[in-house]
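The structure is given below, and queries will be raised subsequently.
Chain nomenclature is as follows: A, B, C and D, assigned in order of appearance, with residue numbering initiated at 1 for each chain independently.
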Amino acid sequence: MPLIVPLLLAVVLFCIGVYGVLARRNAITMLMSFELMLNAVNLNLVAFDAWRLDGLATGQTLAVFVITLAAAEIGLGLAIVLLLFRGHGHVDADSARDLVEVDAVQQEKGAAT
Amino acid sequence: MNAILLGILALPILAAAALWAVPVAIADRLAALYGSVVSGVVLIGSLLLWPRGAWASYTTLQDRPLRAVTDVPWIPSLDVRFHVAVDSISMPLIVLTALLVFLCCLYSVRITPRIGRTRSLIALLLVIEAGVIGTFSAMDLVLFFVCFEIVLIPMWLVIDIWGDDHDPAGRRRAATTFVLMTVLGSALMLLGFLLVHRKAGTFDIVQLTNSPVLGGHGVALAAAILIAVGMAVKVPLWPLHIWLPDAHAKAPTVGSVLLAGVLLKLGTYGLIRILVPVLPDATVTIAPYLAGFSTVAIIAGSLACLAQTDVKRLIAYSSVGHMGFIGLGIATLSPAGLRGALFANIAHGIITGLLFFLAGAIKDRHDTSDLREIGRALYARLPRIAALLTFASLASLGLPGLAGFWGEMLVLLGAYNPADALPRATYLVFMVLAGLGTVLTAAYFLRLVRNLCQGDPADHLPAAFAVDLSRIELATWAPLIALTVLLGVWPGLLLHQWGNL
Amino acid sequence: MTLTWTDWQAIAVPLVLAVGAVVVLLVDGFWKSGSRELRHAVVTLLTSAAILFGLVFVWAQRGGFKPAFCRPAVEGPAECSLVFEPLTAGLWAVLLIGGLGVVGLSAYRLLAADVPIGEYHFLLLSALVGATVLAGARDLATMVIGLEVVSLPSFAMVALRRDRRGSEGALKAFLVSVLSTAVMLFGISYLYGVTGSLYLSTIANRLPGIDPDLRRVAFAAGLFVIVGFAFKIAAVPFHAWLPDTYVGAPVEVTAFLAVVSKSAGVAGLLVLVTAGVAADGSELRTVVAVLAAVTMTVGNLAALRQQEAVRLLAWSSIGQVGFLLAPLAVGDAQAVVGYLAAYVVVTLGAFGSVAVVQRHRPAGLLTDYRGMVRSEPGLAAALIFFLVVLAGLPPGLAGLFTKFAAFQAVIDAHLGWLAIVMAVNVMIGLAVYLRWVAELFRLPADDPFSVDIESPAVAMISLCAATAAVLSVLPSTMFALAT
Amino acid sequence: MIATAWRVTGVGFSLLVVLTAGLLYGTDPAQTSFMNSPVGDLTIGFGVRTDDLTVLLLAVVGVIATCVQVYSLGYLHQRPASYHALVTLFTAAMVTVVIADSLFLLLIGWEVMGACSYLLIGHYWERRDARSGAVKAFLMTRLADVGFLFGIFVLGVGAGTFRISELDPAQISPGVLTTGTLLLLVGVVGKSAQVPLQTWLPDAMPGPSPVSALIHAATMVAAGVFLIARLYDVFSASDTIMTVLAIVASVTMLFSALCAMAAVEVKRVLAWSTVSQLAIMFSGLSLGTADGRHAALFHLVTHAAFKGLLFLCAGVLLHQVGSAAFVVLRRYTRRGRLRKALPVTFATMTVGLAALAGVPGFAGFFSKDTVVEAAWHHARDGSVVGWIVLVSVCVTVVLTAFYCMRLWLWVFFRSPALAGALGAFEDDDPMADLEEPDTSKLRDAPWIMLAPLVLLAVASIGLGYADGVQLNWVLALVTTVLALLGALPAYSLWSRGADPRPVVLEREFGVDTAYHGLFVVPVRWFARLAVGGDQDVIGAYVRAAGRAGTLASQGFRRLQTGNVQTYLTAAVVGVVALAVVAGVISS
């Protein structure tokens, strides 16, 4: 298998992840998109590791770390989303706008009316 | 000797801190008296620094004896030293500063801005004094820059808090414009200093003077332009003068006096102290442009004065014209021009200080500085103040025999005979234009006298509260008047100091 | 034959901090008998002790060079994952001082009542562990771990109050941060692919010699890594989460974000740049320079019209980061660390002052500060001093000289355009802070702020002011940190 | 109290000047310099000298100043302190000019005189014409003084010294010499109100009459003549400058004599006559010969006496009658009161006018004849300048006789043809329809004012013989005939009750209007332009910068929508943009 195949796949995965982050409003879906992006990274790392064969298996090691990282992030992320749900009653990331600046809100209101 | 210099640098700061630190509210007059005493001591100290006799012996710009030298490392990693000293260029300016601050404090004993808070005002004046004296005595570019910046925030506060109480928005805008333009200018100036450092590897003005950064293009030119622009904002040179009329017009009397009398001098002093000796070749390259802008300043400032309807604004614009003369003198790079600039620095400080005191007195008495509202015939209503205003106007328009003349004359002489490397024909044109500028200067001062002092008293009944010259005013202004006459009839008093500069 | 070797002194500080974190958590969790005040005091003391140990250690070892997790390299000197050297000492000092300051700010009777004490200090210490590791890291994996260990606890701290504002702020910071981590890791994966190593020194050695076809890939990879840090330090255009999060969090946590979290990001970026990933003259440095210019301009401009104190500080901290990035773009560690030191001390002081006012005037508007020179002269004087240092004007010489050093670094690196942008931003920045200072001086105030200020706050603010004053008079101490 | 002190000081100082002149008379010329400061390779400092010229001028200045000060004791009651102080300063400034050996000291006196004249002309600052006349006087002389200053530069730098006694025309290159003296001449023209800077002098008439006497007789305008006499070596070394001077003088003397013919106020007639007489002095100087210089100085002295006398007489008219306008005076005259009520004034004024007109036997006659004689000698040697001077002086003699006769007759004598008619002057004055004045209370002035008149009247006759009578009888006859030629038409017009005043003369050739349109209006326009430029151009940039900052700030706040996905999008776009920008900058 040429190196380019996993790399391309990783790019595609990463782009899907980015798309998901930008387009989905549900915070849980966004978290899943992040997972996709991190998995793209892992795929890259493993592919490069296999290509480089540097003896330390650096890429694979880092991939393991990334998996751990992802777990930690998702854990914390879910906790924050839970808190958000408790406070707002929904998990729409783009509807949590309490902290917006006064001017911006006013302008939006002006545009709505 | 250097203890005196360090003393007059530290004393105002410490005194200001002490004044602020006093927890109880002390009476306004007591604060002003305290300020007078402190600044009086500083004045005495600065006079003690004044050399007695021995200075006529030195010869060239490169070989100028420094006095009261203190030179210790300050920030070794940035190559910054605490290097202060005085010489014949800075000494008169230091004395002028000390004198004007002293007079301002003295004036505040009786006459303060309506808003009160005299304690803070006095403290700020003292901080300004320290900053200005520090700038005049700094022999390290970075120290110069730091001291240059010290005066900004106090002056901003003085305008912002004690300014024209009829126009809070206007005084705030004036103060902010002043401080922002000056800060931008000084930041650019700092870039110039850093370029100098990159080329020469030192910030020490004495070393840089002895082995200047040569070359009239490239980095040296960029540095010269940046430094010149930074100083020009402070001077201010046309077209960077736009902050000046507002700041002067809105500032309280003491603020205007210090702003015009002292702060503007920082820029010209910097040009003479740093630009000319440190970047000689690059200065030659930009000097014609500097001279050109100065000439425009003379003409445009004078013309603008002709159309002003506000006394303080008019005097402020007159500063633009006068500072234009100083800029032109520096740009000639000739002995006469540089001396003229130095002399005009002092003369302008004294005369414009007096003018602003007078304008403040008139403003206090009429609660406005608008010519149309004040009315005419001050000769009848306030004869002494009007007479002094006429005197100061004559002095300011450069009447020979008064201090204003010698500076302008030497500047014009310098423009007639500029340094060899400069295009003489161009400077002759500048000289003629500047000469016409003196006529315009006379025109607007006469217009001021005509519209304010003269006129039919029947049309303008004297206000009930209008008191002519009070004792404190006389006491405050007398030294300025005396100096105006003294320097007018005896220019050698200063010219001699500068020897064969 | 040794596979790896470690000088344990190099990792003593993170270790102690980590142990301290666990101890704090245990004490708070299992010692239910003590009153809340007592527990708070003990926890604060423990935390301070751990951090103080770190500071003392750094002071004692400041000149040394102590590598950890080293292995012999294929070519060149040994590759190490974590190094304690003078630069690290300087960064650690700054980070630890910042951490200590935040602990002081959170001392008894200051921290919001609804924040759990043990968790708070545990998270704080954990983040400090991450920060110190990040500042000492010399390979990309360690860096990522360090960065995450700084970030995740800070999000938790933001949400620690468990209210609507906190959760929203935490979510925003979290989402942006996770995206940044992903982007950064993506970059790291390519960097690894191109150079075959994660050690910074090795990468620096191999980058110049790589296949020209891969140069673009290497550039993109480096860009992605820098962007990851840019998220962390909220450089424009990756800054938008910052004001919202700052406003949403309790003021102490905001101070922590502004001081420790941001310093950690800068430290990581500094290590990355100076260790050679972005070599002198490389496009990546241009990237950082562009970031610096855009960040300071946008930050200062946006701060210009803010009405709330915290939001103003938030935007202005973006502007300050812009100034920090300028010497960073030319790899001048001394200027960066000096700037960071002054910034940390003064920001702590400013947030401390804001915390005092905000506790009694929750709206946190600038107008709440009106007339404070008369009603609260001491606090006002300190706040003015902090603001003036941030603006970089006398009497705030600490700020002036750090900005000066930044200018000098930029000028010496022939980045004229950046210097001009900086000069303009000095002006805009001054305009920002002067609005606040003007409010403080404005008299007469209808309803001047005047309370009995809590003694920990007095101590903290006085300490910050005194430190800033010392740094102003003897600026060389700041610049001595990184030499 | 203060006023008295200044009165005493004033009189005392002028007597001191006379005394000094007396003491210095006959002593050897000497000069000394002091307070010198080196400026580059030049020296800025002061110096004084004494020689015959100094003594002569000191005497003239002292005597006239004494007369004026004494006269003012009776004349002036409004604000005497400042008045006497300023007159004293004025005198002192002229003394400075006279004794100066340094060009800068000379300039100080020169310009302080200008300032004093400004303040004194504006003494009655309640009056509009006094205010504008004062401003005009100062500005025009100041404009000229700029030229003067530049002239000092050119000569001083060219010769390497600013000491008058060290200026050696032989060591100055001809170009520098011509330029320098030409520029100095600009100052002289301004100070002495020669064409084209003549308009300020007639407008300076609202000042107190004694001040006019001082300005016209001994100080200010005489300073111009003095300066050329002082620097005669330098000036006469350049033929160009002498020709220019001759032309200026000829044009001026004719121009101003013509203007004087149409003026309807005693002081204005006298003012124009001063301009004309000064031009005669300049024409004498322009000959470039020792004779010419001598003639000019002689005329300066006699002119000082009779012009001082005339102005003091006009002052008496003003003081006793209240106006010196023909139309007002005619009201008294047609009843025959004026001559009888003011006998001393009439007598002395007649002497003064006779001297001015060049009636044989009076001082003016002799001094004018010396000028004519010098010109004749010069012209006979084939000099064009001589001819120009000769012809113009002769024509001026005719014109002078005309306006002196006209003044004398109209002011003091009833017109035989139209006795009692205001006729000729009525339309000029808004006061014309006033009631007839009460002439019964008209008295001559107090003795303290009349004494100087008598003294000066004696001088106006006696000074003519001071130099010894060395008349060229033919020329004397010719000028007498010429004067008669001028006087006769005046008499015949008066006797017919007619006073034709051509519009062009009455408007003084429209010079004032032209200057107003050419200089004053554009300057005002430029002033508005400068203010507008500051506000709308430079100020606009500053304001726009501030506005832009605010708008940008507003914009960034709008971008802060609170929507985290916007933030993320911005970030992703930012990554791409950053890559592009970095690529552009690096490449």
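Here is the rule we use: contacts are C-beta pairs under 8 Å (C-beta built on N, C-alpha and C of every residue); 3 or more make two chains touch, one makes a residue touch a chain.
For clarity, every value in this text was computed on a predicted model and none was experimentally measured.
Among the remaining chains, those touching subunit A and also subunit B are C, D.
The pair with more inter-chain C-beta contacts, choosing from B-C and A-D, is B-C.
Taking the mean of all protein Cα atoms as the centre, the chain whose own Cα mean lies nearest is B. As a whole-number value, the distance joining the C-alpha centres of subunit B and subunit C reads 43 Å.
In this assembly, the C-alpha centroid of subunit A lies 92 Å from the C-alpha centroid of subunit D.
For this pair, subunit C with subunit D, the centres built from the Cα atoms lie 78 Å apart.
Put simply, the C-alpha centre of subunit B and that of subunit D have 37 angstrom between them. Among the residues of subunit C, those touching two or more other chains are numbered 171-172, 175, 179, 183, 243-244, 431. Counting partner chains per residue, subunit D has residues 554, 557, 560, 562, 564, 566, 568 touching two or more of them.
Across the assembly, subunit A contributes residues 21, 93, 96-101 that each touch 2 or more other chains.
In this structure, the chains touch in the following pairs: A-C, A-D, B-C, B-D, C-D.
Contact residues on subunit B toward subunit C in their complex (touch as defined above): 20, 74-78, 80, 115, 117, 120, 131, 142, 145-147, 149-150, 152-153, 156-157, 160-161, 172, 176, 179-180, 183-184, 187-188, 190-191, 194-195, 197-198, 222.
Across the complex, subunit B is touched by residues 334, 373, 377, 381, 388, 393-395, 397, 400-401, 404-405, 407-408, 411-412, 416, 419-420, 422-424, 426-427, 430-431, 434, 437-438, 441, 443, 475-476, 479-480, 483 of subunit C. Contact residues on subunit A toward subunit C in their complex (touch as defined above): 7, 10, 14, 17, 21, 27, 30-31, 34, 37-38, 40-41, 44-45, 47-49, 51-52, 54, 58-59, 61-62, 65-66, 69, 72-73, 76-77, 79-81, 83-84, 86-88, 93, 96-102.
Against subunit D, in their complex, subunit B makes its touches with residues 177, 181, 239, 242-243, 245, 300, 303-308, 334-336, 339, 377, 379, 387, 390, 394, 399-401, 405-406, 409-410, 412-413, 416-417, 431-432, 435-436, 438-440, 442-443, 446-447, 450, 453-457, 489-492, 495-496, 499-500. Put simply, subunit A touches subunit D in their complex at residues 18, 21-22, 25, 93-94, 96-101, 103-105, 107-108.
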